[in-house]
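Just below is one structure, and these are the notes that go with it.
Labels run A, B and C following the written order; every chain starts at residue 1.
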Amino acid sequence: MTNQEPVPGPFGFRASPGASFGALLFLFGTAATSALALAIVVPVTLITTIALAMHTPRHMSRAVGASMQLFAAIPSVVYGLWGIVFLEPLLLKYVFPWTEATLGFIPWFRGPATSGSGLVASSLVLALMVLPITSTIVLDSFRSLQSRFQAPILSLGATRTEAGIAILGFARRQVVGAVFLGLGRALGETMAVLMTCGGAINMMPVDIYSPINTMAAALAALLDSAFIDASGMALSALAELGLFLMIISLASSAAGRALAGRIVLRGEAR
Amino acid sequence: MMSTRASEAREGDVAISMRGIRVSAPGGAEILRGIDLDVYAGAINTIVGPSGSGKTTLLKVMNRLVELDGLRVEGRVEFRGRDLLKADPYWVRRQIGMVFQSPNPFPMSIYDNVAFGVRLHWKVSRGELDRIVEWALREVGLYEEVKDDLRRSALTLSGGQQQRLCIARALAVRPSVLLLDEPTSSLDPYSKDVIEKLMLRLKSELTLVLVTHDLEQALRVSDYVAFMKFGSIVRWGAAEEVLSGWRDAGSGSHDPRQAHNGG
Amino acid sequence: MRARGMGMRRLRDALVGAAGLAISALLLAALLLVLAYVFYGAALRFEPEMLLTMGNATSGGLLNAIVGTWLLSGLALAISALLAIFVAIDIAQYAGARVGSLLRATVDMMAAIPAMVYGLFGYLVFVIYLGMGYSLLAGSLTLSLMMIPYLARSTETAMGNVPKELVAAAYALGASRWQVISRVLLRFGRPLIISGALLAVSIGAGETAQLLYTAGWNPGLPTWFTKSQVGYLTYVVWAGINQPTPYPQGLAFVASALLVGMIFILLLISKWLEGREVRRA
C-alpha cells in the first residue's frame, strides 16, 4: 500500500499555512481533552462508587449501573448534536462569562470567549462518554471485594465512607486499569469531539476558549481534503497520524486490560 | 419454646444484657423471636444450635452489624449502662469487636492489618503504633512467628495464622467484648486447638461470645451456653448444666432433642 | 495518642455520601437531558414526509438513510458473525490455553482501536486498493471489523453457559466435536448469541466516522454492493446540525431520535434475552 509509506518528518511545530503537515496541534488537543476528561471522570467515578455502593440500597445502585449502559449506547453523533445545540450555548452564555469574570486574572481564562466550542465543550462531552466505562469497572471491582471485606472493616468501627475508601484501596489495580481503559476510549473518540472542538487546523490554542482539534477529529475532518494533494503527502501524513493514534490507543487499552483484567465493551454490564 | 435462666446466680458481672430482642426481615419473616440473654464478663459465653437458628444474627445484634443487612431490630441491649441499640454505632463497634468465620485478612501487610483499626480511631505516632501492633500480635501468639517481617503480605500466612491475625486486628482497638462467629470452622484441627487455647487465655481480659456448631468445642471452652433453635433460645445456663446431658449421652449424637429429654 | 474526633468522621461520612449521591443524580439528569433534548427537539420539528421520502441529508426525507443504516448494519453483522463465531469456537474448543488467551487478547484489542482508524483502514484498503469505491460492501466490511469483538465475546459466553453435563452427555453419545458444537453449544447458546448480535447492530447503527470514508453518502438507495454509495442516519445528524437553516437541523433531530429509539429497542431486547438465559442457568 503505497499510501502508507512513512514520509520523513511530517511531525513538527505549527508551520505557516501552505504545504506543511505539523501535527502538534492535534497531539496537544488529544492530550488536553483526554486529560481534562479524565480529570473529571476519575474523581466522579470514585466518589459515586463509594456513595452508590456504601450509602444506597442495592437495587438503586443496580439501576444506576443499568442506566450507564444506556449512556454508553448513545451514538457519538447524538452526543455531538447535544453538545452543539445545548452545551455550547450554555457555556457561551453562562459559564464563560463567569470564568472570565472570576478567573480572568489568569491569562488562560481571560478570553473573551467568542464561541462555545473548544476545549471545555469537547472535554465535557468526552467525560460523559468515558464515564460509563470507568464506572462499570470500578463499581464491579468494588462489589466483588465488598462482600468479603465490608463486614470486618465496619466491625472495627469504620464509617461507611472510611470503609468505602479502604475497599477502593484494595482495588487499586483495577481502578488504575479502569483509568487506562477510559483513556483509550477518550483518545479515539471522533464524532462528538469533532462537532464540539471548533475544528482548528493550524493555530495552537491561546486560551481555554480557543478552538482546538484532536487526532481522531482531525482525521475525520481532513481526510477528504487530503485527496486533493496530488503528491500524496497529505494523505501520508494523515495515515501516519492514524497509525500513531492506533498505537497509543492500543497501548493504553492493553495496559488497562492487564491491570483491570478485562475490557469493557459498550452495552456490557459485567 | 421458652428461654430459661440459670438457676443459680454466677460470679462475674453481666457484661451485656439482652431483653426482648426481635429481628425481622423486610418481608416480615422473623429471624429472632423475643430473645433474653445475659452475657457474663470475663467468661466464654457460647451460643450453639443448628444452622439457620439465628446464632450469627444474634451475634450481629450485639455489634450493630445486623441493621446493615436491612433487618429490623426491636428490644433492648444493656451494655455499660446504655442501650446499645440506641447508642452511637461506631462507639459500640469499637467496644465490641468481631471475628468472622473464614479468616479475612485485608490484602495488606501483617502490620497494616493490625494497625488498620487503630489508625481509624486515633492519631498515633509511629512508635506508639509499633508498640500496639506488637502487643496485639503477642496477645494472639503470632508475634514470634512473624516478627522477622511484619511488612509481609498477610495473605502469605496459613489459615490458622490468618485467623489469629484477624483476632489481633480486632484486639488492637481494645474492645471489652469480642464476638467470635464460628472462628475455627474452616481451620485444621491443630489451628482449632491453638485458637481454643487462645480464647481461654483471652477470657481473663475480655468477655467473649462464641458461636459454634461444634458441640465438642463448646464442651471444651464454654463457661455459659445458650442453645438456640428457630430463632429462640431453648436452653441457657452454666455450661455444666446445659451440656451435661450431652456428655452423659455419650459419643456421636449431637441431637439436642435427645439431650433435652435426657438432661 | 489522640483520639480522632467522631464528629469530624461522621461529618466527612455524611458529606461524601451526600456529594456522591448528588453527583450520581446529576449524571442521571444529564443523561435524561440528552435524551429529552433529542426527543423533544425531534418532536418539535417532525414532519411526516421525513419518514416517507428520501432525501439528501439537508433536504427531503430520511427514508434512504433509514434503509441504508439497516443495510449497513445488517450486512456487517452477517460478515462479522461468520468470523467472530468461528474465532469464539476456536478459543473455546480447539485452541490450547495459551493460544486461546492470545486470541482473546487480540479480539479484545480490536475493540480498542478507534473507529476512525478503522475508517482510515477501510478507506485505504476497501475503497481504494480493492477498488470497491464508496459502497455498501466497503462500509459493511469496515463496520464488521468493529463488531467482531462483540460477537466473539457473546458467543464465547454463550457457549460457556451451556451446562457441562449436557456437553458431556453429547460426547458420551459419541458425537464428534463439530457435532457437539453445532448441535449442542450453538443451539443452546443461541439466545445469548442473538443478544450479542443485537448489541453489535446497535453499536454499528450509531457509527459515523468510519462510514464517512467507506460508505460515502447517497440521496437514494444503493444499486449494488460495490461502487454505489449508501446513505445512513448518522450522516444526516452530522450534516444536518451543522446547517444554519431549521429544516436540516430538524432532519438531524429526527434522525437522532430514530437512532436512539432503534438502539434502545435493540438493547432492551438484547438485555431481555440475556436476562432470560441467566435466569435459566
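Going forward, a contact is a pair of C-beta atoms (placed from the backbone, for glycine too) under 8 Å apart; a residue touches a chain by one contact, two chains touch by 3 or more.
Treat the numbers as computed from the prediction; the structure is a model and nothing was measured.
If you compare A-C with B-C, the chain pair joined by more contacting C-beta pairs is A-C. The chain with its Cα centre farthest from the Cα centre of subunit B is C.
For the pair subunit A and subunit B, the distance between mean C-alpha positions equals 50 Å. Between the Cα centres of subunit A and subunit C there is a gap of 20 Å. Work out the mean CA point of subunit B and of subunit C, and you get 53 Å between them. Multi-chain contact residues of subunit C, defined as those touching 2 or more other chains: 9-10.
Taken residue by residue, subunit B touches two or more other chains at 90-91, 120-121, whereas all remaining positions touch fewer.
Contact of a single residue of subunit A with at least two other chains is seen at positions 159, 162.
Within the complex, the subunit B residues that touch subunit C are 88, 90-91, 120-125, 128.
Here subunit A touches subunit C in the complex through residues 1, 3-4, 44, 47-52, 54-56, 64, 67, 69-71, 73-82, 84-86, 128, 131, 159-162, 164, 184, 187-191, 194-195, 216, 219-220, 223-224, 238-239, 242, 245-246, 249-250, 252-254, 257, 262-263, 265-268, going by the rule given at the top.
Note for the complex: subunit C touches subunit B at residues 1-4, 6, 9-10.
Taken together, the subunit C residues at the contact with subunit A in this complex read 9-10, 12-13, 16-17, 19-21, 23-24, 27-28, 30-31, 33-35, 37-38, 41, 105, 108-109, 111-117, 119-121, 123-125, 128-129, 149-150, 153, 199, 202-203, 205-209, 212-213, 234, 237-238, 241-242, 252-253, 256, 259-260, 263-264, 267, 270-271.
Every residue of subunit A that touches subunit B in the complex is listed here, in rising order: 57, 148-159, 162, 166, 170.
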